[in-house]
Structures are given as C-alpha cells and as structure tokens.
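Here subunit A shows up in two complexes: once beside subunit B, once beside subunit C.
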Partner chain A sequence: MKYAFSFLAVIALILIAGLGSQIPGMQYLFGVVLPYLAIMLFVGGFVYRIMDWAKSPVPFSIPTTCGQGASLDFIKQDKLESPANTTEVAARMFLEIFFFRSLFRNTKSEIHDGPKITYESSKWLWLFALIFHYSFLVVVLRHMRFFLEPVPFVLSALEGVDSMLQIGQPAMYLTDAFLLLGLLFLYGRRLITRHVKYISLNNDYFPLVLIFSIAVTGILMRYLLRTDIDIITIKNLAYGLVTFSPVIGAKIGAIFYIHLFLVCVLLAYFPFSKLMHMGGVFMSPTRNMANNSRSKRHINPWNDPEIKPHSYAGYEDEFREFMVDAGIPVEKELAAAEDKA
Partner chain B sequence: MAVAKLEQLAKSVVQGPTMATGAVPNKDWMDVSAIFKPGNYAYQAKQEKVEYLNSQKGLHFPNAREWSPEDDDWKLPENWKEIILKGLKERLEKFRSLKIFMDCCVRCGACADKCHFFLGTGDPKNMPVLRAELLRSVYRNDFTLGGKLLGKMAGAREMTVGVLKEWFMYSYQCTECRRCSVFCPYGIDTAEVTMMLRELLHLVGVGINWILEPASNSNRTGNHMGLQPHTFKDNVDFLADDIENLTGIKINHSFNRKGAEVLFITPSADVFAEPGLYTAMGYLLLFEHIGLDYTWSTYASEGGNFGLFTNNELMKKLNGKMYAEAKRLGVKHIIGGECGHMWRVIHQFMDTMNGPADFMEVPKSPITGTTFHNAASTKMIHISEFTADLIRHGKLNLDKSRNAHVKATFHDSCNTARAMGLLDEPRYILDHVADGWVEMPENTIREQTFCCGSGTGLNTDEIMELRMRSGLPRANAVKHVIDKHAVNMLSCVCAIDRATLTSLMNYWNPGCNVCGVSELVGNALVMEGENRQELTEGLRTLV
Partner chain C sequence: MYNKGTIIPGLVIFVLLVTSPIWFNGFKAATPPKPELPPGGEKKCVMPKEYMRDNHMKLLNDWRDNVLRDEERVLVTVEGKTYRKGLQMACMQCHSNKEKFCDTCHTYADVNPYCWDCHLTPKEAASKEDTH
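Here is the complex of A and B:
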C-alpha cells in the first residue's frame, strides 16, 4: 500500500495549497513566505549534507576497477574504467554523471532448466532514467525565464528546440511529455517488477508522485486551465522573489499556487531524502578515486600507529628452537637467548 | 553437513519458489526473521580464539563466550544496543563511503540480480540493495531526520536482537566481491556495507570461527594454516623435492635470508594443499629458471589476510608483517603470489595502513630491467606482472606443448578484477603457455566476473550447500565452455579459488580441474640441464 500512500500524501498537499491559497491574505504565505522558506531549506540542507559527508574522511583508496589498471607498457590500460590519474577520473565521472555509465551496463538474468543462467543486456532503466533526468533538467532551465530579465538567448533557443514540433497552441514542449513518460516508467516498474516492488519504500514512491503532480499542474496551467493565469503577474512575482522585492499582484489561479507549493515541498524534502543522490554521485569513493594506490600512497587521517604486527622478536622467541633445528637463520642463537632468559 | 544431491539442487534453484525464480514473498521483508538451522550458518568463533585475539595489542574482540547462533539467547553484553549504535556512529564519522552509501541509494534495483548469492538462493535479502537496507533501516531510525520523524513510514526500524541476527546471517552470505558496485549508478559497494556489519558484530562478540581461527593462526605463526616455521620450511622443501623427482632440477630456495634482493610472499594454502601445491611448484621453477635472488619468510608466510573479513584493525595488524619482514631482511622489493583478497589488501590498503615503505626501492626486475612504476610506492608487485614482463622480454624458455593435456579457461577473481584491475597480465601469460585457452561468456568475466561463492572466509564445509548455490553462476559459466570447447582446466590467480573452485567443480562440473596460472607456467618451462620425465599431467604427474 506504499504506492497508494504517496498519492494520499500528495493529494493532501494539493488540497492544502488549493484551498489555502484561496483564503484572503494567504497568497503572501503561499507565494512568498513558503518559497523563501523552501529555498532556504533546500540550499541550507544541501550544503549541510555535502559538508556532513565531507566531514567524514575517505580512509582508504577504494575505487571499483571496471577495466584493466595501469600496469606494464605492453598491457593496455582502460583509462575510463580504471583511471590512474585525476584527468582520467574526471573523464570517468563525466560519463557516470552525464550518461549514467554504470546503469548502461545493466543486465537481466534468468534461471532456466539445467540449471542454466543467462544474462541479457537490459537498457530500459538506463534509457528512461536518462529521459527523466534530462527532461527534468530542461524543464527547470526553461523556468529560469521567470527569474531573468531580459531572458538570455540560450533560454529562448532551448525553448525553441523543445517546442520544435509545433504541436498545439501554445506549442507543446517535448520535455513535458518526456518527463511524464519517464516518471510513468519509473513508477510503473516499481509496481510491476517484482523485486523492485519488494524493496520500494514510501521514500521511493513519494518523490515520483510529487514530481509527477508538479509536472501535471504545470502542464494544465500552460495548456488548459488558463483562467487567472497571467504570465506577466507570475513573472513579476518570480522576479520579485529573486530580487528580494516580492509583490503579489493581480489574482492568480489556485492551480498556480498548487504547482508552486508542490515545488516548495520538493525543494524542502530534497536534502533530507534519497534525492541527495544528485550530490552523492560526485562524492562516491568507488567512482571518484584514481586506481593508483600502489604508486601513490593514500593517507588515512585516523591511521593508528599503535597497531603493530606481532613482532618478529616475539615470533622467534616462541619458535627459536624449531628454527635452529630446521636450519632457519635466527637473530639470537639458542645459547644467547637462554643466557638472557 | 549433508549436501543436497546435484539433481535436487539443480531443480531447486530453478523451480524453488524464490524471488529469483519468480515467486514473491507474502510478507514485507522487515517482518521476516532470520532462523538459524544446521547448514545455513557458519559456526561461531571458538571462545579461545576470540580471547587470544582480544589479548593482542591494538585489537578489540570482547565478549568471548560459548554460544550458538541456533540458541535464542546469544549472550550479548547487556548494553549491546548501545555498543552497536555507538559503533555505527563512530564508523559513519570514520568512513565517508558508509555515509554516502547509506544516503544515496534510490532502490533502483539494478544490483539485485547481479549477486551470486541472490541468483543461487533466491533469498530477497541477498539482493545487495536489501542487504544494505538491513543496516540502512537502522541508520535511518537513529541518524536521519526523516527516520526520526516518520519511523517505519520512512523505512526506519529499531535496532533489535532480531535485526542483529539478520545482520549476522546476511553479512556472512556476502563475499564482498563488489560485483554489485560495478552496476550501481552511484558505485555503492556492498563490500563496504558488509565490512561495517561484520565490524559492528565483532563489537558484541559475534563472529565466525572459519575467519577468526586462521586470523589468530596468522598472527601467531605467520600463516593461516598455523604452520610453524620448521613445518612451513618442510612443506616448501617437499615441493622442491617433488620438482627434482619430476624434472631433475635442484631448486635453490631459502628462508628468512637477509640480504636477498626479493622477498616472496604467497598465501600459505599454496604450500599446504592441492591444487595450490602445484602453483607453488610453478613459482619455485620460475624463480629457479631466471636465477632470482629471493627468499621465503616463515614469519611473513601468509599472503592472505583474514583481517580484511573481520575489521580494519586486524587487517592492519596482520598485514604489518610484510613490511616489517622486508625491512628486517633488507630486501629491495617484494613479489606477491597469486591470491585475490591478499591483493585487495596490498593494492588498496597496505601502503595506507603500514607504509610508507621507503626502506625499499621501486621494484625493478633484476632480469629484464623493467621498473614497475605502478608499484612505486608499495614496492610490491604481483607475480603475474613479474611473469608477463619476463615473457615479453623473451626471458623464459617456454614450450606450450607441455600443456597439451590442458584446455583452459580463466576465472578472474573478484578482488584482482574489481579492486585492482589486474585482468590482462594473467591472460598474456596464458597466451604464451597454454594453447587454445578460451574465455567464458562476457557477462561472467573481467569486471563482471562471478565470485567462487566462498570468498571472505566462507570456505567452510558446514555451509556447503550455500556455497554450491552461490557458486552456481560461476560454475554455470564454466559449464558453458566445457560443453562448447571441452575445457578441462579452470585456471585462476587466487588461492581461495584454488580451494573453493575445486569443490565447486567437483559438485557442478566433475572432471574439470582447477589450477593457478603459475602452475601452467611451471609446466611449460624448459629448464636448463633438466632431466624431465614424461609428464603427461605436467607437475601433477604421479611418477
């Protein structure tokens, strides 16, 4: 019932914003106070989490090597999968962060009679994860037009490309459709794929439903429910927020406040949830370290110099007689050791 | 422990109602408790072994006692929960990896069917993601805002004895092979999680004997097998005698010799039991062939390090012997034998823990003059690197036909593949010593290699069925090349593999033998002045 619970939670949020924003005087709360609060929580929380991670040292060099390491000159190193220096690590990280390299490797295994286990390439998760993340990124970037005056050329160009199919009026953004598609896939697989369903938590369903609702309210606003959605009023509010002179102008429809409130919830929720994988992916020691731990010493700040091996002297003391008998060289001959004892 | 018959197990892994075969458990995983019964757990550590380790300087192994996982009462210390949570807090502060891996998982499930334990048992808690959730749920409860506010709704749960028992069960059904971490979009490494779970369990006196006994032995006698210096020497001498019988070559080797150029360290299993013995004979022949000035050590007579499977303090303490002995003997550098987890420690931990080894020189092959820049700081090179370089420079007189009885394939051990990147050196050697060796399917080799199923100290007989299950993906890939190419030899560069894969092959693929790559080198070497018998089985030939 975890998946249903997420819907209930988001419906409750929608009701809060839809009804709350219609109470006279509450527009300032939903339009100004909560957005500021959410941004503060997002930035503060994000920074806090990164700092908190950074506070813990990386005691050991633990890259996961996914290819041949740097070795003899006639053995070809796999620089991307087993990087030996910072440049190569940067290249590996670039592929990981921008192209989800590791997910691209995904396989699906099946057990057949025999037994015989087979492994097939399975790129669906990779594909839809890419679609979702890049669409979301473009949608966020497009929204920057509300906060910038004049609107930079790159943003207009981005919008142009995004709406190039010229479907409908106003022209449909491709990323709107792709974002929903990506979300539906990511949500759907949590319900359908049995092992993913078994491991899924509220923490997994909730952000999907939340982002889905944000997207849907945004799309409704743009294409369908246009009553009281004056783009100039909204831009004035948004621009006022970033210039610290917010004004609530003419009446804005409830759908806008619902959209904005859900975004606020997402921002506030972000740093305290699994969504922090956005920051974490940069800091994962199995990916962001060079595989050079034999050529360059890695330092562990809490390395305990008091932990010493069981000493050779202690070892020889225990086994000296046997060693001498067997003709193994010793530091102290038998007689000398006995004299001392 | 009776092990299921092949036919039964073969049927069970395909048809058993498990998550791997399509069944879905009807209970939430948090509501399923770990039940211990004969065959599904490795025996608890003996009291005297725990006491011994606890008495060693720098180590902490409290709560030595008689107990059994099958008992309800594990005789934990009264404040066990406090100890565990404090231990967890401390580790979160010491290991960034732990924090990141606790926080970043999105439960995408990409890791789920990458685990050999999951594929072989179908137990959902053997999906790497769920193995980590066993700890993550407790972490959420006590260390995150969401967990504190929302509790179970946010996937949090309280630390209980039941949870602790679950940790014990599943941290010893993971071989820290890192295969899941290859596929994880954030590189979350279950090995790190399992290591932390095992460290935490030791804080309350919960550990297994098959790890702590070899570790104690290694501390005291220098090697896991507990071979005392004279016995260790006898074993190596015996191998040298065997070589003389087979080839007429007298081996010149030495022990604890000061002033040798190179110290050679290999897992003690290589001088203790078949088929590792033949690998050790390969080393002896190789060094004799090139006239290397080297010495064995009885004090540092263990390449392996069961501390890796226990906690970082024990790992450091056991590993410290290598540099201590190199320093005492005054060698220029160290060569290490074939072993997986040994090389994880040497490659990723040794220099950090026990370096800098500035009393040695950057390894330089005295035969070819090649400088091993990749080991410039640790001063320790892998036997496969050393051998490949010798072959490259034409320093070995090899006759491939001496391996004509062998149709080989190659198993990458988890640690050399995913924690070192040593993939092509052994292959280069194989190309030159064994005709027509073949690769297993691509999803089962190199960085995607499957564990033997019994690594990290799980190579113990009482859990044989579990081991045969978790080794199934590896065995299955071998079977593929047996059927297709009539492979009869599974070669590898790992001492644990040589033991475990032998059991695994005997069970799933009888007739397929296991060897170290250095054994095949030894077979192929044409020695000067040899008086070689007709060796139809190479170094294994009984004469």
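Here is the complex of A and C:
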C-alpha cells in the first residue's frame, strides 16, 4: 500500500500539470510562477535546514570509526577510518561524498541452520547508488544548456560523451538509461529485500517514483512525444527565467509542462525531505569530526560557564573531615593536609 | 550557531552554484536565432513548418535509414519539383546555407548533430569538386 500511494500521488501531480497547462492562460502559472516559487523554496529551505542544523550543539565527540585511532608512535594509525586531524577528516569526507565509501562496506547478514549467522559483502547498493547519483548529476548539468548563452564548451563536450553511441536522432543519452536503471534498482531493493521493505516509508518511495517520472517524461518528450516541442521556444522560456524576463512564446506540448511541474515539485519538496542528505552529509558529526578526544578536549557547548571543573583532589579538600569521620579512605590524611596548609 | 567559519562559506558556494546561470548570463536579453529562409524563395517544404520545427531530426533519421539500410531511394515531390531523398539531395537544394540555417538554432540550443561527420554543405561540396 505504501508504494502504491507514491504512484497515486505522482499520477495526481501529472494530471494536475497535464490538464492544468492546457487551460488557456495557465501556461504562465506552470511555466513561470511555479518554477520561481519552487526554486525559492529550494534555496530558502536548503539554507534554513542547514542553519537549523548548524544551531544544534554537538555535546560529545562522536565520530564513527572502524580502524585504529591515533595512539603511541609504534601503533600504526588507520588515517582514513579514524582521522585524527582536519586533513584526514577532509580525505575521509571526500571519499564518502564522491565515492560513497560507507556503502562500499555494506554487508548482508543471513541466518542459516544451526542456527548460524553469516555476513557477506554486498556491493549492489553501492554500485547502483553511484550509477544513479552520477547519472542524475550529468542529467542536471546537461540541462544547463537551456539556461546559459553562449553554452560553455564543457557542457557540449559532456553532451557529446553522453550521446557517444549515436543511436537515433535526437541522439540517445547513456545517462537517461543509467538513471532509470539506478532508480529501478533502488526501488526494487525496497520491495524485494524484506528488512529494507519493513523500514521503508512513503517518504522513501515517493522521491524515487517522482524522479522516475521526471526521467520518463523527459525521455518521452525528447524521443517520442515531440509534437509542439520546439527546443528554441523552450530555451527562450528557460533563458528568460534566469534573466528575469520570462516569455511564454509559441504553444508548448503538455508533456513539457508535466516534466517541468514534476521538477518544481521535486525542488520544493527537497529541503523538507530525506533528500536533504545532499547538504546533510557535510553536517554529520559522526563523519565530520576528528577522532582526537584524547589529545584535544571536546567542550560541550551546553556547559554552564558558572560551573567550574571540580577535580577529585578539590573534592577531597572540601569534604576531607566528613570523609574521615565517616570512615571513607582518603588520599591525603587530615594531618598531612593541615601540615601543607 | 556553531562552526560559522566553514558553514557560511559552504552555503554561499551552494547558493552561488544554484544561481550560477543568473550571473553567467549577466541579465543579457536572449538572442533567439532567426534561421534564414531559402535564398531561392521556395515557400513549401516536404512537411508543414510546425512539424519540421519539432520533428526534422526524426524525419532525417528515418530518411537515412530508408536510403542507406532499406534501399528505398524514392523521390520526394514538393510543388511539382522532385528531389532524391537525402540531406544534400533534397533539403539543402533550398536551404543551401548551413551556417545561416541549420547552425543558427543548433548553436543556440547547443545541439551537435553528427550529420556533418559525413555530409558536406553545398559550398564544401563545390570546393571538393575543384580539388578532384
């Protein structure tokens, strides 16, 4: 039921855009007003979420480590698994952000007769997550050609590599296929793997279905439903949006408005959903802190500055008489303490 | 707020990246392309103008397959004049200037079709004949 709901939600969105954009006069709403609103929600919401996280104190030093921490000289430190300074943290973050290193360590546990539990390396999630994220990045970068004039050479080169198979005209993009493949795996994983299915919620399925629909409408528009899809009219609109002089020119097919509306929904939904892992990966204390709690004291920002540290020696000085009276052993006897004083 | 020194520059970079098209274009007005009509004054194409705008690439691709793969070298007739199927044989008989016709829109929308990997513009074809 959970996964059916995401489909219903996306179908409703498609109907809203498909029918709504055909009402005369509504093209301005779907082509100009909603995109502006969506991008403002995206940037504003993104900044708000990051600021909100930045205001949350980190009371303890909590990096997750899975290697030997910095210790005595003759004990070899695992610099990536247990970084002890900012450079090592940056190296670990780089590998995490660009290569999803923690997913590479994913394991699959199974219970066999005995009972006996086994752990096995499982790299599928890592592989398809990588395929999905990088394809999506290339797709987003390719779309920049609608917003920039003149189009920078790097974007043309990227597009050339992406369409290198030269299948059909307009040429098929590799990333179109890879994006769908990645999404199908990520969605299928939530249906087939029992324990992942158990913890999956609507807000796990919905973004997958939404991005899948964005990809499918984009592919349909590019290769099949080309009626009233004149790339020049579309670029005029997109370019007008980023120069604050938007124009709705000649008629554009409904499939374009559906595609655009779904993208607007994705942008508006982004800051308030799990998709914020895009910003959150930088803000995660288990990843961005150095494991140096022995060499550098981590001060809890909640600490009341009025409450001074109270050492055991100070404590004994304060209560020595009572401790001796009560028969509690003390490190310095009463007489010795008085001698010093 | 904690770690201002890294979070604020990070957010500034993020906002600049997202809004980069605005700064890149610098509020210049768009310069939509104006492809040149056939110098010979022909008014009628093989298909209506609207269809050609949206679908010329598919039509050319179909023609390529017809001619090269299926050996269907049929003639196309427009207003009594017949042409042999093909980019150079038919289209460029009227739209003779690639730079002022094809390239105007293709450059604007950054479309880089591989037609010209094999095909020649009439001008190029003429210069090739000279050398042979």
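In the analysis below, the second predicted complex is superposed on the first by the 303 of 341 C-alpha atoms of A that agree within 3 Å, B and C clash if a C-alpha of one lies under 4 Å from a C-alpha of the other, contacts with A are read in each partner's own complex, and residues count from 1 in each chain.
By definition in this document, a contact is a pair of C-beta atoms (placed from the backbone, for glycine too) under 8 Å apart; a residue touches a chain by one contact, two chains touch by 3 or more.
Just so you know, these numbers come straight off a predicted model, no measurement behind them.
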item	value
Subunit B versus subunit C as contact partner of A:168, first or second or both or neither	second
Partner chain(s) touched by A:100 [first = subunit B, second = subunit C, both, neither]	first
Superposed model, subunit A: greater residue contact from subunit B or subunit C	B
Partner chain in contact with A:159 - subunit B first, subunit C second, else both or neither	second
Touching partner for A:149 - first (subunit B), second (subunit C), both, neither	second
First, second, both or neither for A:111, with subunit B first and subunit C second	first
Partner chain in contact with A:68 - subunit B first, subunit C second, else both or neither	first
First, second, both or neither for A:58, with subunit B first and subunit C second	both
Subunit B/subunit C common contact set on subunit A	54-58, 283
Parts of subunit A lying in touch with subunit B, wherever the complex brings them together	5, 49, 52-62, 64-72, 74-76, 78, 81-82, 96, 100, 102-103, 105-109, 111-117, 119, 125, 129, 193-204, 272-274, 276-277, 280-281, 283-287, 291-300, 302-304, 306-312, 315-316, 318-319, 322-323, 325-329
Touch list for subunit C against partner subunit A, complex	1-4, 7, 10-11, 14-15, 18-19, 21-22, 24-25, 27-33, 50, 53-55, 57-58, 60-61, 105, 107-114
In the complex, subunit B residues that touch subunit A	10, 13-14, 19-22, 24-25, 29, 56-59, 92-101, 103-110, 112-114, 119, 124, 127, 129-130, 133, 144-146, 153-155, 178, 181-189, 192, 219-222, 228-230, 233-234, 255-258, 298-299, 312-313, 316-321, 324-325, 328, 346-349, 351-353, 355-356, 370, 372-378, 380, 385, 388-389, 392, 417-425, 428, 441, 443-444, 446-448, 472-473, 476
Residue ranges of subunit A in contact with subunit C within the complex	39, 42-43, 46-47, 50-51, 54-58, 144-151, 155-156, 159-160, 166, 168-171, 226-232, 235-236, 239-240, 242-245, 247, 279, 282-283, 301
